[in-house]
Every structure is written in C-alpha cells, then in structure tokens.
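One structure is given below, encoded as structure tokens.
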Amino acid sequence: MSIDNESLIQMYRTMLTIRRFDERASQDFKKGLVPGLVHSYNGQEAIATGVCANLRKDDRIVSNHRGHGHLIAKGADIKRMMAEIYGKKTGYCKGKGGSMHIADFSIGILGANGIVAAGLPIATGAALAAHLEGKGRIVVVFFGDGACQEGEFQESLNLASIWKLPLIFACENNQYGVNTPYTYAIAGGDIPKRAAAYDMPTKSVDGNDLFAVYETTKEVAEKVRTGGGPYFVEYKTYRWSSHFEADTIPDLRPKEEIASWKKQCPILRLQKKLLETGILTEPMINDIEKQVMANIEQAADYAAASPLPEPEDAMADVFSA
Amino acid sequence: MSIDNESLIQMYRTMLTIRRFDERASQDFKKGLVPGLVHSYNGQEAIATGVCANLRKDDRIVSNHRGHGHLIAKGADIKRMMAEIYGKKTGYCKGKGGSMHIADFSIGILGANGIVAAGLPIATGAALAAHLEGKGRIVVVFFGDGACQEGEFQESLNLASIWKLPLIFACENNQYGVNTPYTYAIAGGDIPKRAAAYDMPTKSVDGNDLFAVYETTKEVAEKVRTGGGPYFVEYKTYRWSSHFEADTIPDLRPKEEIASWKKQCPILRLQKKLLETGILTEPMINDIEKQVMANIEQAADYAAASPLPEPEDAMADVFSA
Amino acid sequence: MRTISYAQAAAEALQEEFRRNAKTVYLATDAQQNLINEFGAERARVTPISESVLVGSAIGLAGSGYRAVADLRMATFGFVAMDQMVNQAAKITYMFGGQSTFPILIRMTIGAGTSLAAQHSICPYAMYMNVPGLKIILPATVYDIKGLLKTALRDNNPVISFEHSLLGGLSGEVPEEDYTIPLGVAAIKREGKDVTMVALSRMVHEALAVAEELAKEGISVEVIDPRTLVPLDKQAIRKSVVKTGRLVVVDEACQTCSAAAEIISLVTEDDKTFNKLKSPPKRVCGRDTPVPYSPPMEHYVIPDKKKIKDAIRQLL
Amino acid sequence: MRTISYAQAAAEALQEEFRRNAKTVYLATDAQQNLINEFGAERARVTPISESVLVGSAIGLAGSGYRAVADLRMATFGFVAMDQMVNQAAKITYMFGGQSTFPILIRMTIGAGTSLAAQHSICPYAMYMNVPGLKIILPATVYDIKGLLKTALRDNNPVISFEHSLLGGLSGEVPEEDYTIPLGVAAIKREGKDVTMVALSRMVHEALAVAEELAKEGISVEVIDPRTLVPLDKQAIRKSVVKTGRLVVVDEACQTCSAAAEIISLVTEDDKTFNKLKSPPKRVCGRDTPVPYSPPMEHYVIPDKKKIKDAIRQLL
C-alpha cells in the first residue's frame, strides 16, 4: 500500500465527515430547518475523498447537484456550507445559492451546478485556463451517469481531448438518474467506451473501495498533470438515499438492490481494512466519530445561530463591480 | 453486380441532375438571380443518389444545409426546388424557406435544416413514428462531419440506439466543416467509432463510389427495415466548392487537395464503369446530358417566369389552421 | 361538477386526449405511470436526460403524422433544448410554407417560491413570446388547465404550456363532460370598475385575494387572466382598461421585457385606450435578479399581496 | 480621427484589449486570422462546432482568472448554447454570492435583410434582457462598436454584444487614441423637439434618415440610440419624452415582448413622463413572423423608412 497511515486516517475522517454532514442536512431538511432540496451523497463518499486526496489546493474541481461530498473533500468549511444550506447570510453564497450552488473559489471549488451536465463545459474552460497558465494545475469535474446522456457531455469530452487539457472526467456511476437505470438510458451500457471513442484513456473502478479510488486517481492525476491530456474515470457506486430528501419523487429502485449496496458501505469497508492493518483501533474510531460529530454539531449550531439575509440583500451580486 | 442496368442508368441520371442543378443554382446566384446563399453539393452526388435509391417513396429523409442533392435523389420536383431557391411563390415553401429549407412532405422529405446537427433529433422522432406505425418505413438523416461535433449528435445516436429505431445515420464526411478539418475537430478522427460507442453497427465507405454507396446502403437499409435498429454509415467524400457560393468566407483548403479530389469525380467514375461494362454508350451519355440540361433549363425557366410572393404573404403560415 | 386538483386536471386532460387520439405520444425523462398503465410504454416513453433530442423527437413525430407531448419538467431545463424550440418547432411550419402541421405540446413548470434557487426557478414565457410560431398557454386554475391542455392537444401547432409548480395542489371544479377552452380568450375572473388588474399564472390568485380585500375599502378591481399569452386577448384587456381607466399588470417573471411590458404597450399604443387612461399603467413584476435561495430574499423578489396593493393605491 | 469600417473597429477593439491584457482568450468556430497572427493560436482558438462547450469554456476560463471572448457568429446559433448563457453565465455571479467575477464577452450577429431565412436571421436581444445577469450592448456605429467592445472587454461580467450583420461595411470615424464608452449611457444621435424616436441597432440609421427627411417638412425628431440595453439609460429616454411629449420606438426585432415594449413601459409607467405624453407611444418593430426568405416578404417584415415615417405622422 503506497498510502501513508496519516493520509489514510485523514481520508477516513473525511469520508465520515461527508456521511455525517449529509445525514445532518437531511435530518434538518426533514425538520424544516433547511429550505429547498438536499441531494444526499450517502454511499458515494469514497469517490470524492479518494479523488480529492490527490489534488493540490490550487487544483480546481467542478461539482454537480449532489455536491456536498466533493466540496468537503476539497477542503470546504463545513460551517459555511451548513450556513448556506440553512439559507443564512454567513453561508458560502450569502444564502443566494443553497445546497446546489455552493462554491469556494479560494480553494479551487468552482461551484456545484443544478443543471445536469452543465458543469462539464465549465470544467473544460477551467482546464484550458490551467493549460494556458502552465503551472501544473489540474481540474476534476464530478458528474453522474445521467450527465453522460446530455449533449454537453460529448462536446466537453471532444474539446478536452483535442486540446489535450489537464482534466479528469470523474463519472460517478451510481447507476440511476433519478429512477432511470443507466443500463436503459445509456446505449450499450458502457460509459468508458464513450470516452474512448473521444480518444481518451479511461479507467473503471469500484467507487466504494477507497483504495481503488485513491490509487487509480493518483495514477491518472499524475498523467494528467504531466501533460498527458484528459482522462476519463468511471467510479462505480450507488446512492443510498432517494434522489433527494423529499418524497415528491418516489424511489422506485429495488429494495433488495439498495440493501445489498448498503452492505458495500465504503466507510465500513475502509474501517475494516484499517482495523485489520492496525492503522486504526476501536478507540481511535470512536474518537474520530466524536470529533466528526462535534464538528458537524458545531457547523449546524453556527448555521442555526447565523442571521438570515435581509430581504434587500437579494438585489446585490447580480453584477460584479 | 446486383444492380440492374436500368437502375444504374437512372442513378447516373440522378447524379448528373444533382450536379447540373447545383452548377446552375451557383451560376444564378453569382448572377444575382438567387438571393441568400447556395451550399453546393458538387462532388458528393453519389451519396444522396446511392442512399435514396434504396428508399421507398414513403420512407423519410431529413436533410441539412447542403441539401439539394438529397432532395433531388429522394424525388423532389426540380422546378419547385429552383423556384424556391429563386424566392418565388411557386416554390416548395412559397418562397419562405429558400435553399436551406426545402421540404416535400408528400414524398417523405421532412426538410433541410440551417442549424448544424438539428436534423438528427427530428429524424429520431420520425424514426420513432416509423417504428410505432410498424409499416416497415425507415428514415435516413444526412449530416456532415461538422454535425458530429454538436451535442445533439450524441443525444440522437443514444436515443435511436436504446429504442432500436429504424434510422440510418448517413454521415457525409467531406472532411471539413467550413475550413476546419475533421481531423482537428473530431478527437481521434474516427467518426464511426463514436457510433459504435453508442452500441450501433457502423460502416465506412468511399462516398465517391456509387457502387459502394449503393451496395452498402442496400445491406444496411434491409437490416434497418427488418427491425435491426439504427445503423451508422460514414460516406467519405469531399466538397468541390467553397463552403457556400459567396466569397464572404475564403476557402482555406489546400488547392492540391481540392484538385486531387476532383479527380475522384463520382460521376466520371460511374460513367467510366458504365461505359466499360457497356451499360452506357457515348451517345447515350450525350443524350442523358442533353435531357438533364433541358430539365434544368426548364426548371430555371419555370423559376424565372414564376411570380414573386406578395409582401403580405409573409403573414401567412406562422401557424397552421 | 367535480372537485379535483390542478395536477389531477392536467392528468385527466392528457388521459382523455390520449383516448381520443391513438396517435398521441408522451415523451419525458421520468415515467408517467398513469399513462403507461393505460396506454403502454410505447406511447408513454421515458427518454434519457437529453432534452434536445426529446423535443426534436416530438417535432419529428409531429411531422410524421403523430401528435407529441414533450414534457421538460422545469422550465429551467428547457434551455438545453432551446434550439429545438426556437429555431425548429417555432419556425418549421412557416419555413416549409405550411406544407405540414406540427402538433406538439411542450410542458414546463415555472415559478419560484420553494427555495430551489436560480437554476430551478424561472418564469421565462416572455422569452418564448418573442419567438413567433409558438402558442403559449398559462393556466392558473383547475378548470383552465384541463380545458386549455385539451385544446392544446387538438391544436395543430407547437403549444407550450407553462404550469406553475406551486399550483399542483390547488383544488377546483371541472365539469363532468368533455370541454375545451379556446386559445386567445381571456377570463374576467372578477368584475370591477376602478382598476383593471391583469394577472398571470399563480399571480391570478394573489390578485383575486387583493381585489377581495380592497373591495372592503370600496375599491373595485377587475381581475383579468389572459390564460393564453399567444394568442393574447388584447381586446378584452383594452376593453377593461377603457372601462376602468387604470391598469396594473401582475407577473411573477422578471420585469424587463416581460409579458407585463407587452401588455402595457398593447394598452398604451392603442389610441382609444390610451385616451381613457387616468393614471400611468403599472407593473408589479418579479425583480430583475436571478431567484435567490434563502426565503427572505426569495420572497422579496416575487410579487405579493402587499406589493400589488401598494401599486393599486398609487394609481388611485 | 480615422475613418474605418464597423468590422475593422470591432477588430481593433479586440486587438487593443488583447494587447492590454495577456490573459484574454478568444474562442470561435472559425479562425480569427488577425488575432492568431498577433497573439498566437493558444489565445485565439478554433473550437469544433460545439457552441455549448464554447460558451461553457468561456465561463470556466473566466472563473479561473482569464477573460474570455465567445464568438458564436450568428445569433440563431446561440440557441444551442442557451443553457450556458441563461442558466450559467447569467446566474453564476449571483448564485455564488459574488465570490468570483466572470469577465466574458459573447459576440453574436443579428438581423435580417440578406435572404438567409428564419434560421439565420433574428434579433433576439429581448429574450436575453429578460434574463438578469447579462449586460447587453447593441452598437450601431463605428465609433460605438469600438468604444463599447473595449468597455465590455474591461467589464467583470458576462456581456453580450449583438452586432448587426448589415453594418459590417459601414464606415465612420474613431479617435486615434484609446477610448471607451460607458455602458448605460444613451447617445442622442440627433436633437429634436417634436418627437422622440428611440432606435436600436441598424434602425438608428433608418431613424436618422427619416429625421432628416422630416426636418424638411418642419418636423423636428430627436433620435436616441440607447447603445446598451442592459443597463438601459431610462433617464435619457424619459427626459427626451418629457421634452417632446411623443415617443416612437424603432426596433427590427419581433414586436411581442421586445425591447421596444420595455422602453414604452419604462416611459408610460413613470408618472412624470406619462403626464407629458401628448399622444400614445408607438412601436415600429419587426412583424411577428419568422423571417421569410424571399426579398419582397423579407422587406415586408422589417421596419423601413416608410413605416417609421407613417408612425411619426400618426402621432402629430
């Protein structure tokens, strides 16, 4: 294993933070504390974590509607995230964006996006910027199997490929877009094959295995960073919750399928490995759990205590100065 | 050779009609008789001809901005085409559409299109209609290498593929979109590979060889007609003229390249074969030339003699009754 | 008469028209279970998340003798399919000289009010009104949505139905028997003599509530719901303004180049109506910002009863 | 002063601003030879025919510290990239609470008049005006295009430049030295006292010609070119109407929900201006049809001098 113990523990902590954060956001949504919608990342934590662990602070990511995990993994402040989700003035976007539009440009988070696949073209431009700058930055764009059905998917793959841009297309194939299985909606059912047709090297890995995610991304990121052009990685996974935390759309996926995937919990899998190898011990796990929960609690308290925006704040930020 | 002599002669005549039609339209454009723009099909005649020779009258086609050849091959009346291009009331669209928007729904021509790739989704819908009807109709959509760069390309391939629609994607790869070579704009430079990634069978043929076009399309059309789902065919060719018959966009393609492709004239290649095999003789060729020229002349006369629309005609047809 | 919800009325309109015409096909990214159950998965189709080919397919179906419904869900998702609506559906009848009809119904939900933020909240009908060739319906009541959708499903042109997300649960009465509502006929939802209030979509309900409240103060407000934006019933609006001499247009959409701007222009450019105006016509519109997420700001940008009342008071 | 063409003025604006700022990138489907020659193919880039990723890339560049120009050529091609303009570029500053700037210039050519038919002829600026977050310039003269493009290239927001295809060859004077024109300041292109004529884009020239002709008949027409639609110089327009008491708006775009409708509303909803109106304000707009191909019909749907003159005569 090429990963040092400290990094592994850190990734474990990140995954747990993502899980607990979204659990809390979902609970608070159900309590009516959070307006709008919450798309939970539960079950996919290894991907954001293993990918972002290979990024520099000045690398950039572009996220999608299911973005909390990506942001936390890239280093976003969960207090300001929670405040944004609560619609508070202290949130990342001063309450203007909410769950689907969190960004932190200071650490390379170019923003979540509410339109399926719309982040891919933007990431392509960010990768062009990285290329022009020539400082070895790379860009990662996270998107789902559903995004692979939109026209912007092909346009972005094609452009990134012909310009050999430093961009990782990180496809989180959680097998459904809302209730539509990718096996129905993606002709042939082979997403990496599409990328290959755009002349791009591809990999496909178990997105619930932190080690696989980390190692694969490490290799890919090195190639992309050193001028190898874009890379497409499919991370196979599953979302535990329904499409979003509201029952306006029923979850039509087979109950047994959901149950079987929950057995593939990326956090427990990592935990087990770390216990086996002695990198973590039960007491350490309890400690981490406590620290993470305390942080989440703190974030929620911060959000709850923060002021709502003034109504008139709505008029600011339509344009920059 | 599985094609009977009469059909071959008919196809020869069609190709010549297309050539002479566009030559005339271009001349008349330069004389100021034709408003707007004319995108000449010169050099690509074998494709429309060989493809449409395999279609039933009730099969449908969807064309693009470079559409005259497709329409003639599908059986459009060149008088009404020319009248439309002249902007006359007797034209197919009463002068409302012009060169880029000719249609004849009575013989399955669902229209040319001025927006690159926009015909692909429409053809997909037409193929869905054919599928639902279950009368063995098929649909052919003609488009260029440039159209393969738009997002709608992938959306249409994907949808036609998952629904197994009776649709032939007829890609006329004339190697440039305006002045941009497809080898630059299409990552990897392999267009059929893209279709294959959408789980579609593909073929790639010499689009300047009428026999290859005809035979390939025949085989493909049979499969598509009998429930085999969509098929992608790349017809490799070259456009002889500049992007359109106006010098607002310079032709930046290498002069030698243009010259060498003119040596691959699809009409002369067919003529040579037909002379060799005795299916055509010099006198027959002269006769056909005369007849074709007479028809073109007649069409142009008809167009010239036809009345312009009244200005107020502009107000009709915004909506159907 | 039966009392049903707005959502149910829409579903019934579709069901009834699907029964009337076997060549009607529904396309949406999510399964329409009631239609699938009754008409089968061949006619009620689930598409990939590919709105452009979804709308394009509806056009191709329509040009091939079918009648197609393209359900885009939220109006913000429509922008990825904009070319198929603006350059294709809207222009195809005209460009081809009227050779073929294109019976297409495009459905989109509109509106803000549930903290979905800018990419899931919009009222873009004015953008489509600027594109000749698209009919536009904007049903605000249970009765209207059923009748207008049925008319749209018998029309031979592309019709866009903009349905407000917050109205889904609204309840109201519909007749037992088959009925349709002609396009281009406004509904006078309340008669009055002091002020004409033209209200669009969900704002019709706010307008009626305000009219009710102001009635108590002795102010008589006429509330007009155009119901369809293309064609737009100019005559009914002008007639009312000639009577009242005052106009307020209430529209949740962003103000600049809104349907409200069009309605004001139609009124003021007509000599007869202009001459009857007792005070400047007013707009009560959504503010010119993207829709913000947090409730205090979101409420601030949407018209409400107070803003409507203030505008009316200014006129008197 | 030097005399150059409209096209040349635009090219100079780009050249000069590309020299000023090395982090400026041009994206277009066709090669910009003058920019490539001077700044290299890394900064003046040819994209595939993929307008959506073209605009999206401009956004990504802008969010990463660059300044990007997205040249879409004809405005009708813009609809395939509409989501990136309407849901992304326009909203991204706001949704992210102003964390980052997005300096983007989007160029599109507009207009009818050369028989290119409906899919190559459009003036869609009103559609974009209904989307808060996009600045919009509409240069009608050589001086204005150079000055406005230079301002746009220094602005920190998405700016759309709508440039009329028929103006490319227009010639006019520009100063030798560097200059910019602030956004939101209308130009009074001719002073007058009887009628205010607000004219947009190419119509400015028609309006000026009409004003000249009418002057001979003793009718004094003030011609105002707003030059930028967002922000729009309401004050200048209202001030002129207060003076003249009469308003005609001349706009090639389709009439319904046009910029002309907005301008009329801005004037009539302002109490002071409304009270000065001597006659109903009029629109002279493109007809509400897709643009037809054949010249007699095409001319019929576009405003011309005669229609403008008729409208003015009606007012007096």
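Points worth noting:
Order of writing sets the labels: A, B, C and D. Residues in every chain begin at 1.
Simple rule for what comes next: a contact is a pair of C-beta atoms (placed from the backbone, for glycine too) under 8 Å apart; a residue touches a chain by one contact, two chains touch by 3 or more.
The model shown is predicted, which means the values in this text are computed figures rather than measured ones.
Any chain bridging chain A and chain C, meaning touching each of them, is among B, D; the list is complete.
Common neighbours of chain B and chain D under the contact rule above are A, C.
The greatest centre-to-centre distance from chain A, using averaged C-alpha positions, is reached by B. Spacing of chain A relative to chain D, judged by their CA centroids, is 40 angstrom. One finds 46 Å separating the Cα centroids of chain A and chain B.
Per-chain CA centroids place chain C at a distance of 29 Å from chain D. Shared interface positions of chain A, defined as residues touching 2 or more other chains, are 93, 95-97, 101, 113-115, 118, 149-152, 155, 158, 162, 184-186, 318.
Contacts with at least two other chains are made by residues 47-48, 50, 52, 76, 79-80, 83, 87, 94-95, 117-119, 132-133, 288-290, 292 of chain C. Taken as a graph of touching chains, this assembly is complete, with every chain in contact with every other. Against chain C, in their complex, chain B makes its touches with residues 60, 62, 91-97, 101, 103-106, 110-111, 113-115, 118, 120-130, 132-133, 151-152, 155-156, 158-159, 162-163, 316-321. Against chain C, the residues of chain D that register as touching in their complex are 52, 76, 79-80, 82-83, 86-87, 90-91, 94-95, 117-119, 124, 126-127, 129-133, 230, 232, 253-254, 256-262, 264-265, 268-271, 274-275, 279-283, 288-290, 292.
Chain D contributes residues 29-31, 46-52, 76-77, 80, 114-120, 287-290, 292-301 to its touches with chain B in the complex.
Residues of chain A touching chain B in their complex: 149-155, 157-158, 161-162, 184-190, 193-194, 196-200. Of all residues in chain D, only 25, 42-43, 45, 47-48, 50, 52-66, 68, 83-84, 87-88, 92-102, 132-133, 135, 156-157 touch chain A in the complex they form.
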